[in-house]
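What follows is a set of structures for review.
Common to both upcoming complexes is subunit A, partnered first by subunit B, then by subunit C.
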Partner chain A sequence: MVNLIIDGKNVTAKKDTMVLEAARSAGVDIPTLCAHEAVSRAGSCRLCVVEIKKGNRTRIVTSCLYPVEEGLIVNTKTERVLNVRRLVLELLLARCPRSEVLQNLAKELGVDPQPRFLPDTDKGKCILCRSCVRVCEEVVGVSAIGMSARGSHKTVGTPFKETSSVCIGCGACVYVCPTGHIVMQSTGDKRKIWKRTFKMQTCEKCGKYFAPVDQLKFISKKTGVPYNELAVCTECR
Partner chain B sequence: MKKISNAKALRRVQDDLKQNYDPNKKLVTICAGTGCRGYGCIKVKEELEAEIAKQKMDVEVRATGCFGFCEKGPLVVVHPEKIFYQQVKIKDVPDIISKTVATGEVLEKLLYRDPQNNETVMREEDVPFYKKQHRLVFGSNGMIDPTRIEDYLIIGGYSALAKALTEMTPEGVISEVKKAGLRGRGGGGFLAGTKWESCRRAPGEPKYVIGNGDEGDPGAYMDRSLMEGNPHSVIEGMIIGAYAIGASEGYIYVRNEYPLAVLHLTMAMASAKEAGLLGKNILGTDFSFDIHINKGGGAFVCGESSALFASIEGRAGEPRAKYIHAVEKGLWDKPTCLNNVETWANVPIIINQGAQSYASVGTEGSKGTKIFSLVGKINNTGLIEVPMGMTLREIIYDMGGGIPKGRKFKAVQTGGPSGGCIPESLLDLPVDFDKLYEVGSMMGSGGMIVMDDRSCMVDVAKYFLGFLQEESCGKCIPCREGVRRMHEILEDICAGKGKEGDVELLEHISTGVADGSLCALGGSAPNPVLSTIKYFREEYEAHIKNHRCPAGVCKALITYSINPDKCTGCGLCIKVCPTQATSGEKKKPHAINNDLCTRCGACIESCKFDAITVE
Partner chain C sequence: MSKVSDTKLKTKQIVKKHRGDKSALIAVLQDIQEAFNYLPKDALTVTGKALGIPISRVYEVATFYNAFSLKPRGEHIVKICMGTACHVRGASAIQDKMERTLCIKPGETTADKKFSLETVNCVGACALGPVVVIDTEYHGQVTMAKVDKIIGKLKEGAQQS
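And now, the complex of A and B:
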């Protein structure tokens, strides 16, 4: 076990725990957008920054990626930290002015939109945290989406913005998206996501549409379970 | 070349080469770096060879690496007298051969003329541009044909490697590099020996060493010239480093836009392998080490170590948080020691000279020399190598020859796009890692862009932020969005749409971006803005409050007019104006129609009487 001090509290955490988890377990709240439990950490949203002190040196680190250390002094609400969070939220509010999640978070942290930033109209609600890309690669294992371009031109989507032949329509990306940017429409026997329409499978027992055929085929292939055994929804299983 | 089986055999090979080399034999060297190739030096070289053949002479023409004095290329030196000719054209070749080479007659018209006293200078080392230089790393460039390993061996190449492998332990090598005080030349300035030591101690196999040649700063090309001109020095340094660290594999990351560097490195590696100096059982010892070349796609961010690893691994070049250091978990999560190619090229010198001698050059905290690329509004554009601690004034005025057309110096940007602008009041600053950092700039990899009084500092900051916005990888929000917003505000200010409070807002964003960004690109991106605000705040205010661009650069804020007292009516400005905005009768003062004028500056450049004023 490792002992450290977070916002003046003595905290004990297991080795290799990240400061973010150690703080949360001690009841210290640190805001995050891109740290989702289902996927690996990218450290891209920068909201979870904290100030650490080692000897006489202080510095700003990403708490979701910084492992606990013996004797580490962590402050989660110093002026420097709040300044970074304020800027990140101002920037995000200007990028995604229609995101309710961001509006609520800004309200919670007392951040107003920066009037000098002209709000974007073409970015939707995407903050490019890449949670969707990571879940598709790490959890689903198909890598149907990825990032393209660089800097302020960066976007997320299918390769060359064409419909993906490997996407299975599972919707994991929708589930992990912190801001609700990715749109998935399910109507009757069809599901539309990333500009592709998937045929849905009905549950053999209750008759409800419950999963895309492609997704069940993918699972069947991956696990060796015959398709017909998968054609039952989780509620009826 | 035959395989060299051990250190003794290497010395024999070197001795044989030296014995067969007659220092008094006629030799013509010609700079064949990328800069001089742009001037057409290859044609000059072919002409030299043809003329020598025609006159049936036994003279070698050697295409070497970059001499550094790019302003005056193509450069030719006639040996053994070391007669230095500049701006050599094909038509000069017959005279060079029949007069200088054949009879030793010096061609006055091809010599460098010192603008200070209008006198010609015969030898390279007496040209003011070279006089104060200390060409430790770069010095051999002008003598070596980089495609021939023999040229490197004859000047004692690979002796340091032999010494390290046979007379020193890995720990001994590390201790020597530490004692020498060698700091990373890529910008970070971290102590190389300390890094090597941590990497040696880190658990995990295999270990990697990497030569970072992903030079991406606008206007900087010292790494390119080093890789092109003396590739073996980089390779030798890396092999010694690998021995010290215990690495078996290495990479040189070089951008594909540097085709000549890629070619010369590839050739150098092949010949080093053939000679048994690279690969399995180097110089007959148990030590084996191989290098691969990884060609980069030209993203600026790939010079950042963790982005560079990602790129080698085949992923998009994006940095990651480095709370676990690369020396423990770097390339493919294995212990990795990455140094800039210039850092590696310093290593053989340290081993050959010994740490004490090496550390006698430089300042307290920065040892040795540094290569800078001197560009912008400077008379002598080129690459210079100077001892650490030389003042900016010496660099800009003594070597650089000052500002063209006698204009006034305004600032020098050091450290590449994320460095800072240093004003005239700090010209006597000794240049080393710490001093540059103290004044809000940095060493970076050694770019120096000189600006005169016609450079608008807001426009300069806008240019660099624009570059960084394009080159940010886009992974983290402060850098991607923050730099973009800063650039937008700077664009507004330059367009006369700046608002009260913009300077303070830029400062606020700067602190957040510097503190909050994931890697050093974002961390240092605000530097051009912060340093220009610090030293040229009144210029920002003139733009915002008075809608004036004092330097006369920002097109939305300036008008051109012709001073009738100075105008002689020569008509040149009418000729060069692309929009027919200038008009007037011959020998009578001309005028500019500001409705048509696009403020391109062509008339100003053309006017010999300084008659065009910008307000």
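And now, the complex of A and C:
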């Protein structure tokens, strides 16, 4: 166990946990976008910045990637931290002016859109946190999507911007996306995601559409469980 | 042999040369670009499969680096240096002249597939500014008249061969 001080409170945390988890368990709220329990950490949204003090020096770090240390002094609400966090949010807001998640967060933190940062119109709601790419690779294991190009042209999508042949339509990317950039449309027996339409499987017991056929085929192939055993929804199983 | 299978075969040979090593992806892509002058889609798919890297990751790498092109490029690649030193010495005028001579804008290829025009941000030869690099040859202190001469020579050479 490691002892540290977060916002003046003595906190004990397990070794190798991150400052973010330690703070949350102590009831200290730190805003985050890209830290999701399902995927590995990347520290890409930069909203979880905190100030750490070791000896006489203080430093700004991303709390979601900084492991707890014995005797570490963490401050989450100093003027310096708030300034950095506001700037990060101002920039994110300029990139995705239509994102409700960012708008609400801005209202909460008292951030207004800055005239000096010209709002983008072509970026949708994507903050390029890469969570969707990571979940597709780490959890789903198909790597159907990735980033393309770089700098201001960087976008997330399928290779060659064509419909992906490896995508199983599971919707994990939609689930982890913090801003709701990725759209999945479900209508009856069809599900549309990444410009591809998937046929849905009906549950053999209750008759509800519950998962794309391609996803069940993928799971069947990966786990060796026969397809017809998977054709029953989780509620009826 | 059809063009598609030719692309795939050549790509497989290139991957084999690098012993199918995953970490050699960039080197493989460089060799493919050297062989085809650009990165054909089929070549990227074959590369991903042969190296065991998802196509989405191969596409990420191929689009990240400016040195890679996914569009077919001309026989000669004309790079105009737009670095600070070249800019001060009139690189934009050279770009204008080059655009008019070749009738293309940066990023485009001439209809006869002889020339591609690109702008780059410093080639590390600032003392020679303004610099134009054609394929691997560096041309220093380029002037309007020199542009005609260099391009004329290349056009002539292309006709002879």
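Just so it is clear, the second predicted complex is superposed on the first by the 237 of 237 C-alpha atoms of A that agree within 3 Å, B and C clash if a C-alpha of one lies under 4 Å from a C-alpha of the other, contacts with A are read in each partner's own complex, and residues count from 1 in each chain.
Criterion: a residue touches a chain if its C-beta (ideal position, glycine included) is under 8 Å from a C-beta of that chain, and two chains touch if they have at least 3 such contacts.
None of the values given here were measured: they were computed from a predicted structure.
Undergrad: Kindly classify A:Arg86 by the partners it touches after superposition: subunit B alone (first), subunit C alone (second), both, or neither?
TA: After superposing on A, A:Arg86 lies in contact with subunit B but is clear of subunit C.
Undergrad: Scan A:Phe160 for contacts with subunit B and subunit C and give back first, second, both or neither.
TA: Touch status of A:Phe160: second partner only.
Undergrad: Between subunit B and subunit C, which makes contact with more of the residues in subunit A?
TA: Touching more residues of subunit A than the other partner does is B.
Undergrad: I'd like to know which partner A:Ile127 touches here: subunit B for first, subunit C for second, both or neither.
TA: Touch status of A:Ile127: first partner only.
Undergrad: In the superposed arrangement, which partner chain does A:Ala149 touch: subunit B (first), subunit C (second), both, or neither?
TA: both
Undergrad: First (subunit B), second (subunit C), both or neither: which does A:Val232 touch?
TA: Once the two structures are laid over each other on A, A:Val232 reaches no partner at all.
Undergrad: Just checking: does A:Ile219 make contact with subunit B only, subunit C only, both, or neither of them? Give me first, second, both or neither.
TA: It touches nothing on subunit B or subunit C.
Undergrad: Classify the contacts of A:Glu137 with the two partner chains as first (subunit B alone), second (subunit C alone), both, or neither.
TA: second
Undergrad: State which residues of subunit A lie in both footprints, the one left by subunit B and the one left by subunit C.
TA: Residues common to the subunit A contacts of subunit C and of subunit B are 147, 149-150, listed in rising order.
Undergrad: Can you check the complex and tell me which residues of subunit A touch subunit C?
TA: 133, 136-137, 142-150, 158-160, 164, 166
Undergrad: Mind pulling up the subunit A residues that touch subunit B in the complex?
TA: Interface residues on subunit A, with respect to subunit B: 42-46, 49, 60-62, 65-67, 80, 83-84, 86-88, 91-92, 94-95, 114, 116-118, 127-128, 130, 147, 149-154.
Undergrad: Of all residues in subunit C, which touch subunit A in the complex?
TA: Answer in residue numbers: 41, 44, 54-60, 63-64.
Undergrad: Inside the complex, what are the residues of subunit B that reach subunit A?
TA: Checking each residue of subunit B against subunit A gives 299, 301, 316, 320-321, 323, 469-478, 480-482, 484-485, 488-489, 499, 501-502, 505, 508-509, 511-513, 515-518.
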